[in-house]
């Protein structure tokens, strides 16, 4: 079994503590907002100067309320709006407790590559380097391997770095892995996966935590996991 | 005849143009606000984050409305309040058009000394160095000589500098003097003073402007000038 | 009486010239001064250096200026989205230069320009391609990249409300880069959705004080 | 539920310790967290490094801490006014160290600390005694002094209104250094004149977002 994109986002959301100040990147991370536990106050931050919002329903759209992904949002009671200098003071000054980012690759030492695939493209960096360099807990949410089946967790990044040694935890469709000074530590595996199977799809050595467990998925959500025949979700 | 402290402040106020953004220092400069021409919109700025105010009458006092001298003020329509970072963005970023500062000495090249008399004191600098280094037009308002009769306009400052080459114009109880790349230029003298008499009380050479004039004082204010017997006002 | 209100966008940008450096506010659509940008496009001035977060969108505002080839160089953080096709086409043909700056560094460089600072040290981009050729300094045991201030000839910004003194308020996500850019250009022109009387904006709630703003022009609905 | 409201000033500062670096907001009386400072004084912790604009006034707040000899070093811009007699007496006896910083540089160093920057170049103090021993660099033809960021263990600030999430609003001249200091300390404690319900502060008019504030305590009239 492997997690869907929603399943990865769900799993990340479970680990955000009460009172967390969180910036969500594009892709899988942007789905985390859907699964925030209702019993915790968690404050979403967006680069364009919003703190304390949720995704908007279609009938709530306000032309002046979009997040950095240009998705419509609504402000919660207690929200605040500010300029880009204050917004990046929050990011770079270590005031945000968490950011969840997508990745092309993560290295065993926590190096993150998520901003540029090839020199042929138009490059764009946005706030990725500020988030990676500044936020206290940089978590990555991504598929474990590329659509071609190549591991995205590697000894050394081949793509250009976003920031060195910044990632603290990796959530994939197969596993939850901590980046520690002693290397990668496997904390959880998907139902039906073994640590050995995860290691085979990982490009760097994993230490299996003594309390490594099989993650449990809730009944109340549908579509969090695939019982895949052809392997993990791409 | 020489100007009183109020007279110097009056004379400065006449030269502030419509739309000026002005920070007034302590001492004689703080009196300039009393003489702002009623037919011009001039915006006073204070280091502690106020723009667009006037001195408060006694019955208008608000505990949260004081300027940087701790004097009570009232906000005018169109005023704005901001934090110290924005306040000094206005100062250091060259957004204020004018500052009027007191001085211990001004040198012929525009060097300003106004922050420290001796090493024996408790030193304090406040916003003086930011104003002197940052504001577009730094004007000095001071008595022409010390109480002991020593010139305060000098070839070289003896007191510690606030900023080098920053003063553009000097208003004293005896004269108005421009600081130019070619040296000090005498623009105006008090009624009854001659350029020669001003030169004798000045510690650096003055060039007399071709249009140097005797300043005129208005009828509507009292106490702007002293018909002194013992020399200029101290 | 001070009156910064200008009749229309064409009048507001009438003295802009070829070769100028222009900051453009906005993050996506909110806060983008699109009517001012359309007026610049109508003037047809060229060889411009643009400082903005993005590269414009579709054939609108900055996107339209890109389409018309008015821009020589773009200093921005995020030009790689589908709607920025006008920039992309010219960039891939080598017709427009790109200086890519991390978003927080871009905001800070603009703020530094407005605040009269020469430059600053940021931890962002240390150890990456975007730090190449830049001074890296260790301060209190951490590495930082040196970045210089940005200052422009003109800033084109957008606000929700403005008065004749240039005081501005933004609404929600309109704010973004606009207050910073208002501090960092020799000429600052604000497009506003509403002109309000002096005194109607509470002093504690003015977002951009009038000292930073030279011209205010009403958005034409 | 997040709740940053603390019962009283003594509880708010109960874990402050000897030797800490503490930022103190306010410019004169407006914005000075005097009840928090009195609570620190009651605790009697010593050997403190204080970052503030002034040196306290009379036997109140920071002035009282000076009188009691709790301060080892003061980093400030303007300690030389008559009401700062407690500081003056100890300074002239060599009992307290002074680092004098121009006011705008002080504000900017605090902001840099809050914003995660290592330092910056300012034109202020170039060519003066306060630049002695500091790096001077020419950038685009102008000279600048290098200044480093300030960061504290604790910031004690004051606001007019606060909610349980830590969102704050200041009134008029209360604002001054307070928003900057709120960003530049590991523990930020705000004394407020009024506690208001979450949602009562309009998002566009929050002056200090709650992310910066750890504890909120109501001023006791």
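Per-chain residue numbering starts at 1, and chain names A, B, C and D are given in the order in which the chains are listed.
The definition used in the following text is that a contact is a pair of C-beta atoms (placed from the backbone, for glycine too) under 8 Å apart; a residue touches a chain by one contact, two chains touch by 3 or more.
None of the values given here were measured: they were computed from a predicted structure.
Relative to subunit C, the most remote chain by averaged C-alpha coordinates is B. When the interfaces A-D and B-D are ranked by C-beta pairs in contact, the top one is B-D. A separation of 58 Å divides the Cα centre of subunit A from that of subunit B. Between the CA-based centres of subunit B and subunit C the separation comes to 36 Å, rounded to the whole angstrom. Averaged C-alpha coordinates give centres for subunit B and subunit D that are 30 Å from one another. In subunit C, the positions touching at least two other chains are 108, 111, 115-117, 122-123, 170-172, 175, 203-204, 207. Within subunit A, residues 75, 81-82, 85, 88, 91-92, 134 each touch two or more of the remaining chains. Only residues 18-19, 21, 41, 43, 45, 51-52, 75, 77-82, 85-86, 88-96, 134 of subunit A touch subunit D when the two sit together in their complex. Contacts from subunit D toward subunit B in the complex involve residues 27-30, 77-81, 84, 87-88, 91-92, 98, 100-105, 107-108, 111, 122-130, 160, 170-180, 207.
By the touch criterion given at the top, residues 47-50, 62-66, 68, 70, 75, 81-85, 87-88, 91-92, 116, 121-130, 133-134, 160-164 of subunit B touch subunit D in their complex.
Residues 1-2, 111, 113-117, 163, 165, 167, 183-184, 198-199, 201, 203-204, 206, 209-212 of subunit C touch subunit B in their complex. The part of subunit C that touches subunit D in the complex is made up of residues 108, 112, 115-123, 137, 139-140, 142, 144, 148-149, 169-172, 175, 203-205, 207.
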